[in-house]
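Common to both upcoming complexes is chain A, partnered first by chain B, then by chain C.
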Partner chain A sequence: MLPAAGGEDEEKWLAEGIAGLQQNAFYMHRSLDSNNLRDALKYSAQMLSELRTSRLSPHKYYELYMRAFDELRKLEMFFKEETMKGCSVIDLYELVQHAGNILPRLYLLCTVGSVYIKSKEAPAKDILKDLVEMCRGIQHPVRGLFLRSYLSQISKDKLPDIGSEYEGDSDSFIDAVEFVLQNFTEMNKLWVRMQHQGPAREKEKREKERSELRDLVGKNLHVLSQIDGIDLDMYKDTVLPRVLEQVVNCKDEIAQHYLMDCIIQVFPDEYHLQTLEILLGACPQLQPTVDIMIVLSQLMDRLSIYAASSAEILPEFLQVEAFAKLSNAIGKVIDFQPEMPIVSAISLYVSLLTFTLRVHPDRLDFVDQVLGACVKKLSGRPKIEDNKATKQIVALLSAPVEKYKDIDTALKLSNFPRVMDHLDNATKKVMAVVIIQSIMKNITYISTSDKVEALFVLIQGLMKDMDGTQDEELDEEDFKEEQNSVARLIHMLYNDDPEQMLEIIRTVRDHILIGGPKRLAFTVPPLIFSALKLVRRLQVHEADEIDEDATTTPKKIFQILSQTIEALSSVPSSELALRLYLQCAETANDCDLEPVAYEFLTRAFILYEEEVADSKAQVTAIHLIIGTLQRMNAFGVENRDTLTHKATGYSAKLLKKPDQCRAVYACSHLFWVENQDGIKDGERVLLCLKRALRIANAAQQMVNVTRGSSGPATLYVEILNKYLYYFEKGNPQITSSAIEGLIELIMTEMQSDNPPSDPSTDAFLSSTMRYIQFQKQKGGVMGEKYQPIKV
Partner chain B sequence: MVLVLALGDLHIPHRAPDLPAKFMSMLVPGKIHHILCTGNLCIKEIYDYLKGLCPDLHVTRGEYDEDVHYPETKTLTIGQFKLGLCHGHQVIPWGDLDSLAMLQRQLDVDILVTGHTHQFKAYKHEGGVVINPGSATGAFSSITYDVNPSFVLMDIDGLRVVVYVYELVDGEVKVDKIDFKKTAAPQPAP
Partner chain C sequence: MASRRRMLLKVIILGDSGVGKTSLMNQYVNKKFSNQYKATIGADFLTKEIQFEDRLFTLQIWDTAGQERFQSLGVAFYRGADCCVLVYDVNVMKSFENLNNWREEFLIQASPSDPENFPFVVLGNKIDIDNGNSRVVSEKKARAWCASKGNIPYFETSAKEGFNVEAAFQCIAKIALKNEPEDEIYLPDTIDVAGNRQHRSSSGCGC
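After this line comes the complex of A and B, so read on.
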C-alpha cells in the first residue's frame, strides 16, 4: 500500500477508483435484475474493494465513499425484497461474511444488519453490539472512520430508544447509548491516531486532513443528543463522564478543542448549567495548547442567552452557583498553566466579566470579584507593555462602564482603580476618555465630593502630568481636545444642596490647581461659572429664607474664586483672568457685597494696566470694564467715582484716536443709568461727549487722517447719535441747539471734497437724519421734544 | 423661502457641556440656508459642527471666543433684507435697545442680530428689527437670571420675515413666532 502522494496523481487514482466502482456496480445491478444473489454479492464485494485504497486524501476518499453509499442503498432495498420473498435474513447475514476482504465484508454486514434490525427477528441492541464490535477489524484511520460513519448513518433511525419501534424490553435505550458511546470512542481513537502517522514534516497536511474528518466524529455526539431516553441524570452520571473521559484521555489538542466545542453546542443549556462542575472540571486537564478561552467563552455565551430567555431560569443560576464555579474553573486553568501569556489570562477574565454583566448585573460583588482576580494576576508584574494585553484590559474596564450607564456604579467597584493602576500612562488616558464619554453620553451627574474624588483618581492622567510622561509627544490639537472634555465634565459635577456643591467645588479646585499651567486655561473657567451659578442660587434663595446657620455663603465662594483666578497668572492668561474677575464683580454686586465687588474690579484694572498690552485687546478689555461698571449699583459714591475716573482715564489713553473717542463716549453711560435709583448726572455725561468730540476733532487734524468707518465724520455721526440718546432721555444739558450745531459740523465735514466722503458714513448720516424726522413726526411727547430741531 | 438660523452665546465648554439634546435633534444639515452666529462658541469644535449644519456660516467675535480673528461686525444681504451681525459686548449699555438701534443705523441694516445678554428679544422700531437669539445652551449670564436655551429661525420671503423663536422650557421645546414686514425702500434724498 503506497502512501498518498501529489494532487495530480490523486485525481488519477480517484478517477480510477470511481471507474472501478462504477463498473462493478453495473455488473452488480445486472445480477440484481436477474435475481442472482451470489453474483450480486460477488460484484458488490469487488465494488467495495475500491474503498480499500490508502492513496486518497480524506476529501477524495469521501467522493468515492458517497458513490459506494448510493449503490449500497440499492443493494439494501434488494435485500429487503429478498427477505420479504422468504429469504432468511439470518442466512443473509451469514452469507455476506464470506466476502474475501474484511472491509467489503463489514460494509455488507452493516447493510444486511440494517435489514435485520428492521425485520425485528432479533433485538436491535444485539445486532448493533455485534456490528460495533466487528468494526474493530479496521484499524486504518481513514477507512475505519468512514466505515463507522456508515454504521452510524444506517443505524441512527433504528436505535432502541424510548418510544421507538425497536425498543424491545425496558431500558434498552441504555444499550442504544452504549452503542453510540462505543462507536464514538473508537472513532475518536482512530481520528487521534492520524496525528502520529507519517513524517513530521507533513504534520500540517495531516492536521488539515484531520480537520476535514472531524464532523464524522462529532456526529456521534449529535446522535446522542437526540436519544430521548437520556434524561438529565443519565447525562450527568453516564453520558457526559464517558465522553469527557475520552476527550481528556486522548490527550490530543485538535480532538479536545473540537469535542469540547461540540459538547457545548449539541447538548441543551439546561444540562450544561446542571453539570457545570463536571464540564469545567475537565478544563484544567486538557492539553495546555488548547485555547480554553474560546471553549469557555462559548459556554458562557450560551449560558448568558439561556439566562435571558426566561425569568425563572435566573434563580437556577444562583442555586447552582454558576458564577462561583466558572470563576474557580478559570482560576484553576490559569494556575495550572503558569506559562500562559498574560493576554490570554485577561481575555478569560473579559469573557467571565461579560457573562457576569449579562447574567448577574445586579451583583456588583461578582463584578468586583472578577476585577479583583485580574488585579491578583497582574500584581507583581511590571506595567503591561503588550499591546494586545493592554487592549484586553481596556475592554475589561470599559465593559462595566458601558453596562452601568450611571458612572456611580462603576465607581463603587473597589478593584476598578486597582486594575487601572497596571496600565501605562497612555492607556490610562484612553480609559479616562472612555469614562468621560460615557458620562457625557448618558448625561449622568456626579453628586458628591467623594465620588468626584474617586472619579478624578481614575482620570488623573488627563488632569496632571504623570510621573515619567514626556508630554512633548502629545499633539497640541489632541491636548486641547482632552482638556476640553475635562472642561465639559466639570459641568456634570453637581448637587442641588449648596453644602454638597461647595464641597464639590473645593475638590475640583484642589485638583485643577495641581494640573499645571498648560491645563489651567481650560479647567478654571468651567469651575468659576459652576461656582457663580451656585452663588446666584444662594442669592435668589436668600430672598426667600434667611438661614443663619448656613455655612455656605457667597462670600466664601468668592474667596475660592479669587484664589482660583489668581492661579491663571502662572499660565499666564491675563485676558481670561480679567474677564473672570469682571464676571465675579458683577455677581458680587448682585449680592450687595460692595467690598468684594470692588476688590474684583480693582484686580481687573491691575491686569489691564500691567498685562494687557495688545491695543486691540485693550479696546475690548476697556469696553468690558465699562460695560460691567455701568451695570453695578452696589458702590457708594467714593468707590464709584474712583472706578469711573480710572475707566475714563484709560479710555482716553488708548492707542488710536478713534478707539479713544468711542471708549470715552461709552463712558458717558457710566453717569446715566436708567433704573430708578440710578445715577443721572447730565453734566458729566455732556463732559464725556464733549471730550469725545475733541478727540474726534484731533483725529481730523492728524496728517494722513483715516477715512471710512473710523474717519472723523463717522465719529461725529456716532457722537450725534449719543446726543440724541441723552436728549430723548431728558438730559437737560443736551439742547436742541447743541444737536443742530453738531449736525452742521458734520455737514461741513462731509461736504469737503478733500478727501471725499465715505459711502457708509453717508448712509449712517442719512439713517440718522431719517430717524430725527421720524421722531419729529411721531407726535406726542417725543414729537414735541424734537420739534425745535431744524434740519 | 430662505431659512436663516440665528444663534449664539453657547459658551462651550466654559459654561455649558453641550447643546441641549432636543435642539441637536432638530438642527439637521441641509435644511438651513444661512447661519448667523453672534459669537462665544467658544471652541473650534462648535464652529465645525455649525459649518456641518450649513456651509454659509457667519460668525462675529464674542469676548470668550478661542479664535480671535472673527470680525467685530458683519453685514450681508439675503433677498430683500440687509442683515447685520454683532456679538453686542461692544455696545454699551449692554442690551440697551436705543444703543443697539444706533448700531443698526450705523450698519444700515433692516435686521440686526446681536447677543451677549443671553435673553431672547425681537424688537421692532422705525429703523427695522433687532433680534437677540439668546443663548443656545442656556449658559450662565451675569446679566440675565434664569436663562432658558433658545435660538431663532428666520424665514425670509420677499418683503416679509417670520421670526420663529425656539425655547427649551422645563425640558419641552416651545415655539413662538413674530411677523415683520418691510416697507419698500424709501427713495434716496436728492
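After this line comes the complex of A and C, so read on.
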C-alpha cells in the first residue's frame, strides 16, 4: 500500500498536495466568480485529483481531505445558486460525471447529489442509493473510506428520516437505515481488507493506520443512532443484528474490538438493556484475541450509571434479568476461550461484581454467585502468583466490603473465604488489612463468637505464621503496623450480653495464643483490657441483682486472664506481663475478690523477683506495684502486711541509693490512705520517712567519698515535701519540730556545698520554703497549724 | 470570491464527554432533544442558515467527540474555525476544570494567527438538572474564569429545555462574523505545481 516513508517525506508530499489543491482551487474560485460552470468543474476535478495520492498516512490525508472538503462547500453553494437560477440539477448530476478520473468524479457527484436531494426533484432514497452504489468504484481502502465518509457527511442531514423534510412515503426511514447500513458495511470491508494488503513486515504500520481510520467506520454507527425512525423494535430486529453480523463475520480483531465499543457507546442504554441477549450473544463469537473484558465492562459501566439515574428504571433491570444474562455471557466467554489469561477472567468478574453492587445492592446472592463463579475458575489451579491477577482478586474481594461498609454482610458470603484460599500469603495479608480498615472506619462491632471465628479465618494471614512464610523478609515496621491493627480490631469484638461477650473472649484467646511469641505482645493486652471491661460491667450489674446461676462470673474471667498472661512469659515480656497482672489485681480488688487480687499481686512479685533484672526496669516496676497496692482495699490485715512488707523490702533493695530513697518514701503512702476507711498508720509512715532520710544521708556520704564533694540535696527536699504532706493531713507523728529539724539539716547541707549547689535544687527548696510562708500567712486552721514552724 | 467565503461561518464545539455538545447543537439546529446519552464519534457538522443585518449566512457547527478514543484521525477540522465554543456541565466540576485544557489544545492545534484574541464562547449546560440543586460550578466562578481569559462571553444553557440556546448561538454567530478572515488571497505560481517547494511553509493559508 503506502511506501515506507519518513515523516519528512510525508510533510513534503502533503505540502505538494496542498499546493496543487490551492492552485486549482484558485482557478475554481475564479471560474465560480465569473459563472463559468465548465471551468469550475474542470478545476475542481483537478483539485480533487490531489486526493488520489497514495503517499500520505491517514492523518495527513485527512488534512488534505479537510481542505478539499472546505472548497467543496463553496462549490456546493454555487451549485445551489445555479439551480435557483434555473439550471437543472439533473443536468448538473449528469454533467459532473464527465470528469476524467473516477475519484474526483465521485466527490463531485456526491456534492451535486447533496444539492439534488435538497431540491427534492427526486426522492432522497433514490439519489442516496445511486450514490452509495457508485462509490463502489473506489476500492482503494484509504481513498474509499474518505470518499464514503464524505458521502456520509453530506447526506447526514438529508436522510429521509421520520420528521425530516426529506421523508418520503410511509416507511422511507427504512431507506435511510438501509443506506447507512450499506455504507457502513462497505466501509468496514474496505477497512478490514487493508489488513491483508501489502507485505507482512509492515503489519505494525498498517495497524497504526487502520487505527487512525477507525472513526470513519464508526461514524456510521453514530449516524444510525441519530436516526429518529429507529425505535426499539427496529433496533432489535434490524439494526443491531445487521451491525453485529458485520462485526462477527469480518473476523478482524481491531474491527471487532472497536465496533463493539462503538455500539455500546453510541446507542442508548435502554436499547442495550432490552437487547442484552443479542449483544452478549455476539461476544463469544468474537476473535479470541479481542479484549472482551474492556468491551463488557464498558457496557456494564454504562448500564450501572443508567440504573442509578432513576428509581423507575430498576424494575426494568429485574424484568429483563440483566444480571443473569451478563453473568451467563461472561461464563460463556470464559468457557469458550480457555486460553484467556486468568487475570482477564478475574477482571471480568470484578466488573460484573461492580455492576451488581451498583444495580442490585440488596442482592447478596448475586454477589456470592459471582464469587462462586470465580472460585470455580480458580479451583484446581496453583495459588495465584501473577501480580496483576492478585490485584484483581483484591479488587474483587474489596468491592463488597467497601460497598456494604459492614463486614457482617461480607461474612455472610459463603464464597468469600473460598476465594481468599486462592491467594498467596502476602495478598492474604493485604486483604486482611482491607477488612480491618473497613471495620475500623465504619465502626462495625462483631458481636458473636461465630462471626469472630469467621472473621479470624479471613484475617488469619495476620493472626499466625503461615506455612512457608519467611519471617525475615518482613519489615519490622510493617509487622508492628499489622499487629497494631489486629490489636485495634480486638476492641471491635463486642457484645452487650456478658455470656456472649465471654464466648467472644474465649474465641479471641484461642486464636491469639497460637499467634506465636512475636504477636502475643501486641494481641494479649487488648484482650486483657477487653475482658477487664467485661468484669467491671458485671460488677455494676451485680450491685443491682445478684444472679446466683450466672455462668459468667468475674472469677471465671480472671481464670482465663491468668492463663492468658502466663502465655506472655514465653515471649519474654515480663514487664508487660507485670503491668497486666497489676491491672487484673486492681480490677479484682474492685470486685472485692481478695484471693484473686492477692494471687495476681503474688504473680507480679514473682515476676519481679525472677524476671526483672534491669535496674531501671526494677525502679519502674516497684513504683507500679506501690501505686497499685496503695489503691487496694480488699485485703485483710494479714495479707496486706505481707504485701506491703514485700514492697517496702524490695524498695530498700534497689541498686542505687537515690532510687532506694525515693521508693521507700513512696512506700509511706501504703500506710496512709486518704479515703473513708483507709488505713492511717502514722507511726509506720514516720518509719518509712526516717528510713528514707537515712538512705539519703548515706547517698550524700557516698558522693562525698567518691567525688570529694557532696551530692545535690534534692532527696532531702523531696522528703521535706513528704513531711509537709503528712503534716497537713494530720499525721500526729509528724511534728513542727521534726520539720524544723529537717529544714535545718537541709540548710547545713546546702551551705557545706563547696561548688555552688545545683540551681534546680535551690529553686526546689526556695519554692518549698515559700509554700511554708504562704501557708503560715494564710491564716485559718492551716495557718495556725503552720505557725509553730520557725524558718 | 471574498464574499462567498464570508457567507460560511465555521464554529467548533469542544468539551468533555457527556456535557451536552451534541444536544446543544441538535436543540439549536433541529429543535430536538433526547435524554439518552449517545456518544459522538469523530467530528461532524450541521448547518443552519441565519440572517444577520439583512445578510444570509451559513453557520457550520462542528460537533466533536468528547471521548478521546473516538477522535482517531486528529483535529484537522479545526482549521479555519471562526469561533470555538467551550461547553461544560455545571453539575460536574471536572468538566469545568478541563475547559482550560480544551482551550489550550484548540489554540495549539488550530494555531490561529492571533491566539490572544481568538473568539471563544463558554456555555455552562444542564442548568435544568434537579432545579439547579446539584450544580457544583457557580455562575460567579465560571464568569471569573471567562473574565480571566480575555472576557470570553458566557451563557448558562439548558439544551433540554432550550433555555438560552438561541441567544447563545446568536452571540456565537455574531462573534464568528467579527472574526477577521485569516486567509490571504492565494496567488498561483507560474512555476509547475510539482516543484513549488515554497508552499511548504504556507500552511496557515486557507482560501
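Throughout what follows, the second predicted complex is superposed on the first by the 654 of 791 C-alpha atoms of A that agree within 3 Å, B and C clash if a C-alpha of one lies under 4 Å from a C-alpha of the other, contacts with A are read in each partner's own complex, and residues count from 1 in each chain.
The rule is simple: contacts are C-beta pairs under 8 Å (C-beta built on N, C-alpha and C of every residue); 3 or more make two chains touch, one makes a residue touch a chain.
All values derive from a computational prediction rather than experimental measurement.
Novice: Should A:202 be classified as contacting the first partner (chain B), the second (chain C), both, or neither?
Specialist: neither
Novice: In the overlay, answer first, second, both or neither for which of chain B and chain C A:32 touches.
Specialist: second
Novice: According to the stated criteria, A:211 is in contact with first (chain B), second (chain C), both, or neither; which is it?
Specialist: So A:211 only meets chain C here.
Novice: When the two structures are overlaid on chain A, which partner does A:219 contact: first (chain B), second (chain C), both, or neither?
Specialist: After superposing on A, A:219 lies in contact with chain C but is clear of chain B.
Novice: In the superposed arrangement, does A:262 touch chain B (first), chain C (second), both or neither?
Specialist: second
Novice: Quick check on the superposed pair: does A:525 touch chain B, chain C, both, or neither? Answer first, second, both or neither.
Specialist: Touch partner of A:525: chain B, not chain C.
Novice: With the two complexes superposed on chain A, say which partner A:62 touches: chain B (first), chain C (second), both, or neither.
Specialist: second
Novice: Please give the residue numbers of chain A that touch chain B in the complex, ascending.
Specialist: Against chain B, chain A makes touches at 440, 443, 480-481, 484, 487-489, 491-492, 522, 525-526, 529, 532-533, 536, 540, 579, 583, 586-587, 590, 620, 623-624, 626-628, 630-631, 666, 669, 673-674, 714, 717-718, 721-722, 725, 728, 760, 763-764, 766-768, 770-771, 774.
Novice: In their complex, what parts of chain B are in touch with chain A?
Specialist: Per the stated touch rule, the residues are 11-18, 21, 43, 45, 63-64, 89-90, 92-94, 96, 98-99, 101-102, 105-106, 108, 126-127, 139-140, 142-143, 145, 186, 188-189.
Novice: Under the stated contact criterion, what part of chain A meets chain C in this complex?
Specialist: 11-12, 15-16, 18-20, 22-23, 25-27, 29-30, 32-33, 58-59, 62-63, 65-67, 70, 73-74, 77-78, 153, 156-157, 211-216, 218-219, 221-222, 225-226, 228, 261-262, 265-270
Novice: Please name which positions on chain C make contact with chain A in the complex.
Specialist: The contact residues of chain C facing chain A are 1, 4-5, 7-8, 32, 34, 36-42, 44-47, 58, 60, 65, 67, 69-74, 76-77, 79-80, 186-189, 193-194, 196-197, 199-200, 203, 205-207.
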